[in-house]
Each structure stands twice: as structure tokens, then as C-alpha cells.
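The structures considered in this document are given below.
One chain, subunit A, links the two complexes that follow: it is found with subunit B in the first and with subunit C in the second.
Then we have the complex of A and B:
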């Protein structure tokens, strides 16, 4: 597939949430938030992860960080199995992987100053020997993300959404990670601010040789920043391809429908809009076979019986669809 | 409102702290020539049925009442925060057991239990801490021990919601230990409502102590507390209403001002409010 060793490799990741019910609190159902996801992230690339809300993309990202315990599957970071590390090793691993959150209002402790927020990582990992050294590093990090260092004694509520997101980015950068999971980092921001933050993320990637898992539900944002894109539907990856391939020649019918929903800023341009029928099914009782078949415009009998595996169709393009692979 | 209350509370505390130095009449100075005298220059708050000066007794009683209130609050908050924090962090069966315990305590009929405990343990504690000290420890423990449950529930609920917040998750992603999460991130953000609950507890403890004294179960009759003075006054309400009025007003003022100060404190400690 690719020439390099993947930085992070996920195999058959599953996360089921048990629903208990009845008087005895027995487990009656599983919510299959993530249902067998496999993907590789290569050093220095940006992998976009898109899908509707509730499709399990955030859960996937959090499982990789071990913020959520996966139910099954294997996650290897630089060859080391993340799911089996504990205590000291897990803490060491957390220097290499960081996360940027969607909501810049909820992701910063309201009682800590910006300095405290950024310096916490330095304290936990003992990355600064003295108070002065820590202070210098905080100033440096703030400058890196484009904030005035003299703002470091302020509290988060004194900043705008975009500035808060920059603080969150500085916090993630403090431990000099290799991989950053960006969990919808711009979804809560104004469009003009979105562009600034995305440009910042791209600059930082170049400067510090970062690898991103970029989770979003907005395809136009992902197209801009991603090298490759994975599309998720109801806990499964249905298509992975290099960004321009995915946009030019989408192969999965779900991807086609998603792309046709991206607005094009040209009112004269007419195009065919694929409108999916129905809604995202309940992940407690996902459809049999291909999860997408009840809404798929081209579904055939086989789709209701067998789940299509993710199969390579051409260079680096993988799709999970019976009909598109067989042809 | 909070500032005004703070002034009132400060005056009350100042009064009972330095009062005995300025108002030197002893609390047990019996003067049968001055029984049940209404307020006058000689006795600003009047005298009781034994001719004892009420101002002196209220000053002394305030020390005990406020000390009981604050100590009982400290007991209730400590136990409540500990139980709530452990339940909220541990979840699972630990949480279930602790919440059963909380519900159990909540469903206990408090007054009969208080009476029982005081009858059972008063003598033993007297032997250890002396007459006044023994009753003090007993009352503080009993009142505090029966008031921690709302705090525990409050803290647990706060913990359950805060531990899912993204800033806590971010700290976890940075590798923060559980202790660090609780001390640095969860507890400080959970304390706002606890402070308010705490001030209400001070007020409730003062009232509870008054109730106990009123029932004749608190401190011995020769030690005046606000509640005790009120209790002694009840038989003379029609001929000496001022006797009940002054301790009642003292309790009312203390409780009200502490509640307002608590409200103010919560707002002042919230960094989101720009002063």
C-alpha cells in the first residue's frame, strides 16, 4: 500500500456501549458506536475523517487516545499496542498523541489562567526545570499559535472562540506530540475564523512535522486540509482515498451523496443533487449486511445479507461496497 | 447585598468577640432586685427572671452559637465532599453503596435520633472534654453528621457532569493523574454550589442548636446560647417579650447575613464574573 511504516495503525476497532434495562440491570442492547474500523495514518500526513453526527468518528478519535476504552481491536502507535499500555507507559505515550477539541468554550478550565492551562502539560511531564523556564516555554507556545504572550494571565472567558481554540492548540503542542487528533476543531467557529485556525494548523504541521487525524462533518473544510480522507457511516469506514481522488471519483454511493450536498458558490451551476431517503439508522439495531443499504439508491439483494469488506479498487483507493468493487 | 451582609456579620462577630471586654457584667450575676426589667440604660436588652443581664448572656451565647454553626458546617462539608467526590469518581458499586448510605441518612427521623444520641453519649463525652466541651463536640458532630447528605449529593452530581467535560478530558489526554484531575480541575469547579450549601448549613446548624437548646437538650441551663435564652424566655412571652425578641433577632440576623455572604462568595469566586 504505502511505502512508509504507518505512525498509527488501527485494526478492527470496536466500541460498544451496553444499554442496561429492567429491574436487574441486565445488558439488553449494545450501541455499536464504532463497529470494526481499520485505518492507517502515515507520518506527516493529514487523514480526514468525515461522516454524519453519530457515525462514530469522535469515538474513534478518542479510542485512539485511550480517552475511551475500546471494546475490541488493536491500535498501534509506532508499533506499540496502545490498548495494552498502562500507567507509566501510557503517560509516556500521551506525550506523543494530543487532542484538540471541538468546543473551545468547554475545553478550557474556566478557573485556570492561560498560563496554568498551557503549563500544566509541562508540569505533568516535567518538561521545565524551573519556574522561569516554564514561563519562557509558555510565552514561546503562545507566540507559536499567534497569541500575545502578555495575555497569559487572563482567564479563558476573556477570549473569543478563535483565540480559545489557539490556546487549546498551544496546550496540545506543549508536549511536542507527533500526532494530534483534531476533533472538529473548527466546527464551532465563524467561517472567517475557521480559515485562520486551519491555516495555523497547516503551518504548525509543516513547522513541527505533525501528523493529524482531522475529524469533521464539513467536507469542504476537510478537502482543503487533508491528504487522504476516510468516510464513516454508522460505525464503519465505507471509503478511504486520497483527497482529490475522493472528490473527483467517489466510489461509494454514500460518499457521492455527501459530496453532492457540498454547496458550490456559483448560483448558475446546475447539478444533480442526490438526496438520501430516510435517516441515520439506530446504531442499537444497525441494518444487516451493508449498514447503508436501507438508504442506498443502488442497493441489491446481496447488500442486505453480507457486509462488504473494505477493498482496494485502485491505487490507495479503498471502498466498502459490493456493487462498486465487483464491476 | 452581600457587602451589607458582610458588614452585619462582621459587626456580630466583632460584638461577640470583644463584647465581654466592653460589657463587663457577668452572665450569671443574679440580681433579684432587677427581675424581668425591660430594656434600660443599665440593662440595654433587659433582664431575665433571675435578674441576669440579657446583653451579657447574648454576647456569650453568640460565641457558642456561631462556633457550633461554623464547626457543624465544617463537619458537614468535609463529610459531604468526601463522600460525594469518592462516589462521583469511583462510580460503579462504590457509588451505589455510598448513595444508599446517603439515602439512609436522609430518611432517618432526625430529631428523635438527635435526642437518642445525646442521651446515649452525653456522659461519655463530658468525661473526655469537660461539661461544656463535651456537649459542644456532641452537638457539632450530631448536627454535622446529619447535614452532610445534601452536600454529598450535590458534589456527586457536579463530579458526574464535570468529569465528562472536555477540559477534564484534555487534562486526561495530557496524562494527569486521577488525584490531579480531582484537585486541579473537578473540585474547584464543583465548589460554587457547595459554598452556598455550606452557608445554608451554618444557618441551619445555628437553628438546630437553638432547637436542641429550646428542647432543653443542648448546653446545660447555666450556659447561655441564643437558643437556650429563647427557650428560657418562652414562659414569659406575654410579660417580657423583649427577652425572646433579642435572641430571636440575633439568630435571624446571623442566619440571613451568612446566607447572603455565601451567595456573594460564590459570585466572587467565579472567574467569569468581571468585578
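Then we have the complex of A and C:
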């Protein structure tokens, strides 16, 4: 996969939020939500982005689409620098990159019918010349995501969670994007519905040759859908590997602990669990050196001083750990 | 001699009157919990698992709710006819509850120490001083660092995982014989979930209490329960010891639930076709007008005509495995 040109390439992406305080409202601290992330996403693949709350995975996804302005770094989509694009060009770029949100209720306008919600994208991007053409396209899109087209005159509240997520998917597909950022698309759904939506996303990927950035905290779901997985911890990527390798041979101690914490639905399986001590540190004053060192079971003096760079250890496997790379 | 049965719910029906009619949230549920065991009650949103749990402590607003039928026998004594004052004796000192969202169940204007101490003073008639010391001990027990100082902190000063620890400390302060934990880790990250589940297991060993664990996550069930009751649309559809349930699920809904979960230890091997997740078609029925016959029939791949007319009873298929399916 490495020989193909990446569809999206991110280098040293940073997003700091200033905290103002004091008498003059000066900036006193930065929250380092994203602190130097580099990633490539290749055409047709699904890159999973996992990590716990507050690790910066959603911010990373949103910065890539410039729904949030990054503080620094470079984002290239199809070779074009996303961070320098403005106005007309940015709009064209957004046609190629769409996003599906976690909460399908909060992301659909409650006063618009399903038809209006899906057709809006067609209007903005001038993708349908006539009203009739637009209507045909809405019907086609609803059928694509497995909803009855006659429901298009209904409002979002009349649908269940799973159906609403299908509406969100139809809206994203309306502009025929190349890349879809899926931000926790199934986290709010019940397991039986979760499976329906995951299968739908996989079918659509095959049918329309889509590329996904799949952001989620549920490792089992990410492992199932992704080709490669990037693990984030406190604003940084600590490990990237093919999904299969990551589970079988995790190299970063955080990845190991994270994987061992995932409950497996098999009562016969008795595993050794690595229970991490403590909690995610404050991103305002992140620990020095490796962000993970205060919770790391194998930390050494060097880990408190220097931040480990993301280093290739074998084919397609990258890890940011002083101890696992040196060996 | 088998361990004493603590809780014996028989044919419980908890219904809610709404503008649209009667919602049969819990519609004929029977469950037992023995001393010292963990029973998991598993099911998707709206299956009635939380209403069942809250019914035990009579934490249901009446109206709109009402007990339509059934008994809740706590150590042989029916709780349903008990007056509120008598229930107060049982709440916390005999049966305690931990909720999903600790922030909404802790009082924001009292320190956590005051809240734990209040429980000790009310139920155990301890002096102010002794109760405050007891609160510090409880916080220490649930591994809140620096307990002497943190006992004076307010709930908002704790993180999500710590708040859940505080909730557990509060629930366990009066050494209940049964702890009802309603989705105790759903709002938490996996590494914190692992910590909390481990803590609950430790507390269970220490106090010899029974746990009723309400959850939707099959992985959590597999790793923490001895016995499982699967609920669907207000009824128990299957009940078995945990190994038996996962090895030999008999109800089509249980089978679908187990098959529809992606497993982190069973990721797809590169170069092979990705396995599709089993999905359960459709969504849960409306409990205003539950369908005739088996409530799962409309989504069941095996349903025959009789399923739509005959109401299946929960019947034993082996000494400790019961299923509600006519097939």
C-alpha cells in the first residue's frame, strides 16, 4: 500500500486552544488537543483512529476537513494543501471530504424533512439541475442506505437512532465524496443496530470506492472495519499498524493495556489484564517526555525527558516508544 | 445446601401511563439472585432492564408508573406493598444502587464526604465524627488517592472514573447485601472501565454481596457475571449460567446478539475476505402495542406462523437454562 500516493497526508498537525485568564485576559495556557500528528490515508483504505476521551482523535478528524482551524501543520488532500485553500476552492475540497457524526440527532436539522436535509448538499454544490432531478437523486440515495424513499417527507425525530445514522450517511454520500470521516458513527447505537450500520458502511465502501477515516473508542469495532489503525494518546499518535498486526503484536505499552482492557464476549477466555493505574493526564500540562510515562508499567528515566518519535519497526508498523524501538 | 435466595422477582409488570396509552416497559419478568452471586441483566435500550432494576428499589415515579402485577420478594418479604419509610430502611443498608451517570446521582452542593457520612449517620446511627472517619475509610477502600483531603471535595472536582468510585463508596458504605449496578461503566473509557469492574469484583469478594449488573455490553457480561438473563421488549427471553449462555445460546435473539458483536481477538486476516457481522434486521417493537405472540418474531429468521400467535413462556430446557421460544 505504501507505493500508492496517499489520498490524505497529514504532517505535524497541531491544534492548541488558548486559555485566557488574569486581569488583561492574556493567554495563560494552551490545551494541546492535537500535538504533532502525522498520518497518511491511502485511497480505498479504512484507517481507524482510536484512543480514549480527550486524546484528540475527533479534533484531528475535524482539522483535516478544516471544520476546526489547525494551529500548525500541513494537510494535503490529493496533493493539494488543505490549510491554504480558501472560499470557492475550499468548498470544492469539502465535496470530496464528508463527515458522519456520532449523534445522528444533533447533526440533523430537526425542522427539515429528510428530503431537505439530503437535497441541501445537492443544491449547495449544484449537483442537480432541476427539482425533478434532485428528487430522483434523493430517492436513489435513500434506497442506497436502506431507507424507504416514501419516508423522505418525514422529520428526523420520526426515525430511530439507526435510521437517523442512515440519513446522515445518505447526506454524506450525496456529493459523491472520496473520503468520509466517520466520527464515532456507531457509538450511540445498540449492538444489533451497530452491526447493520457497520455492514452498510462496508458495502458502500466497496460500491463507491470510498476511503474512510474511522474514529472510535471501541477497539472491537475499529479492529473489525479498519485496514490500518492509529492509536492516539494525549494528542499524539503512539502507534500505527495494520489492524491484524496491532492486535496480535502491539508494541506500545499503551496499546497493550488498551487492548487488554477490552472485554471479550467469551467467558471461557481467561486473559491477563494490564490494568493501568491513574487516568489521562491534563492536556494543559502534559507530562514531559513521553506523555504516557506516568502510567507506563515499563517507563525508564529517558521516557520522562525526551518525547519518542514515531519510528518504523517493521513493514508498515510504526511505534513511538524509546524502549520498544531501541531493542 | 445452595446459597440463600436474596431476591426473587415473580411475574413483575411495571407499566407506565402516557398520553399515547400504556407502555408495558416490564411485562412479566421473573428473576432470582442468590447470596454472593453476580447476575447480569443484558439487553438493548428500551428492553426494560433499567425499569426492572429501579422497580426493586421502588425508584419508579408513580404515577405515571405503576406495578400492574407480580411480587418482588426480598429475603422472602414482598417489597411492593411496603410504605416508603420501610423502603428507606432497605435502600442503601440492604440493597444499594450505582447509576450510569455518577454526576447526576451525586449531590453537587455537598462534599462527597458529607454524602457518604450522611448515609452512615442515617442508616447506622453513627456520630458525626465517626461517620466522617468512615467516609475517609470508604474513599480509601475504593482507591481514591489522598482520601483525607479529597473527602472535602465536591463531585465536580473528581473525574468520571473517580466519581464512579465515589458512587461505589457511597453505595457500599452501609454494607448492602445486594448491589444493583445500572450500566456502571458505560460512560467510561475502556481502561477506566477495567479499573471499575476490578474494583467491584474486589468489593464483592470482601463484603460477600450479590451484584445485579445491568448492561448492554456482552463483553462485560462474559467477564463479570456468573448468571445471565437476556431481556427483550419487557421480558426475559433466556436465562443461563454465563458459560452455558455463550456456548449454547438457545434463543434466536441471544444468538443474534452474540454473533453481531465484533471481537477484538478475531480480527480479519489480511488478504482474506472480511467477515460480515451478523445483523438482526429491523428494530425493537413498540411497547405501547406489543405484537401478539413472541415479541421477537418479526425480527426472527426462524419464526413460523405459530410464533406470531403463541406467547412463549420461559421454560427450563435443563436444570439451570431457561428459554422463551416455542421452537
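The rule is simple: the second predicted complex is superposed on the first by the 326 of 327 C-alpha atoms of A that agree within 3 Å, B and C clash if a C-alpha of one lies under 4 Å from a C-alpha of the other, contacts with A are read in each partner's own complex, and residues count from 1 in each chain.
Just so we're on the same page, contacts are C-beta pairs under 8 Å (C-beta built on N, C-alpha and C of every residue); 3 or more make two chains touch, one makes a residue touch a chain.
Because the structure is predicted, anything quoted here is derived from the model rather than measured.
Colleague: Under the superposition described at the top, does placing subunit B and subunit C together on subunit A give a clash or a fit?
Modeller: Partners fit side by side after overlay.
Colleague: Give the angle at the C-alpha centre of subunit A formed by the C-alpha centres of subunit B and subunit C in the superposed arrangement, rounded to the nearest 10 degrees.
Modeller: Approximately 80 degrees at the subunit A centre.
Colleague: May I ask you to decide whether A:143 touches subunit B, subunit C, both, or neither, giving the answer as first, second, both or neither?
Modeller: neither
Colleague: Which partner does A:190 reach: the first (subunit B), the second (subunit C), both, or neither?
Modeller: second
Colleague: Examine A:223 and indicate which partner it touches, taking first as subunit B and second as subunit C; both and neither are also allowed.
Modeller: A:223 sits against subunit C, while subunit B stays out of touch.
Colleague: Contact-wise, after the overlay, does A:110 reach subunit B, subunit C, both or neither (first, second, both, neither)?
Modeller: first
Colleague: Would you check which partner chain A:90 touches, where first means subunit B only, second means subunit C only, and both and neither mean what they say?
Modeller: The first partner, subunit B, only.
Colleague: Of the two partners subunit B and subunit C, indicate the one touching more residues belonging to subunit A.
Modeller: C
Colleague: In the superposed arrangement, does A:99 touch subunit B (first), subunit C (second), both or neither?
Modeller: A:99 sits against subunit B, while subunit C stays out of touch.
Colleague: Pick one for A:259: touches subunit B only (first), subunit C only (second), both, or neither.
Modeller: second
Colleague: How many Å separate the nearest C-alpha atoms of subunit B and subunit C in the overlaid structures?
Modeller: For subunit B and subunit C in the superposition, the minimum C-alpha gap reads 11 Å.
Colleague: Give every residue of subunit A touching subunit B within the complex, in rising order.
Modeller: 62, 65, 67, 90-91, 94-95, 97-99, 101-103, 106-112, 120-121, 124-125, 155, 157, 168, 171, 174-175
Colleague: Could you pull out which subunit C residues touch subunit A in their complex?
Modeller: Residues 44-45, 159, 161-162, 189-195, 197-198, 216-224, 242-243, 246-247, 256-258, 260-265, 267-270, 274, 276-281, 283 of subunit C touch subunit A in their complex.
Colleague: Spell out the part of subunit B that touches subunit A in their complex, as residue ranges.
Modeller: Residue positions touching the partner: 165-167, 169-176, 180, 184-185, 188-189, 271-272.
Colleague: Please give the residue numbers of subunit A that touch subunit C in the complex, ascending.
Modeller: 52-53, 160, 162-163, 190-196, 198-199, 202, 217, 219-221, 223-225, 242-244, 247, 257-269, 273, 275-276, 279-280
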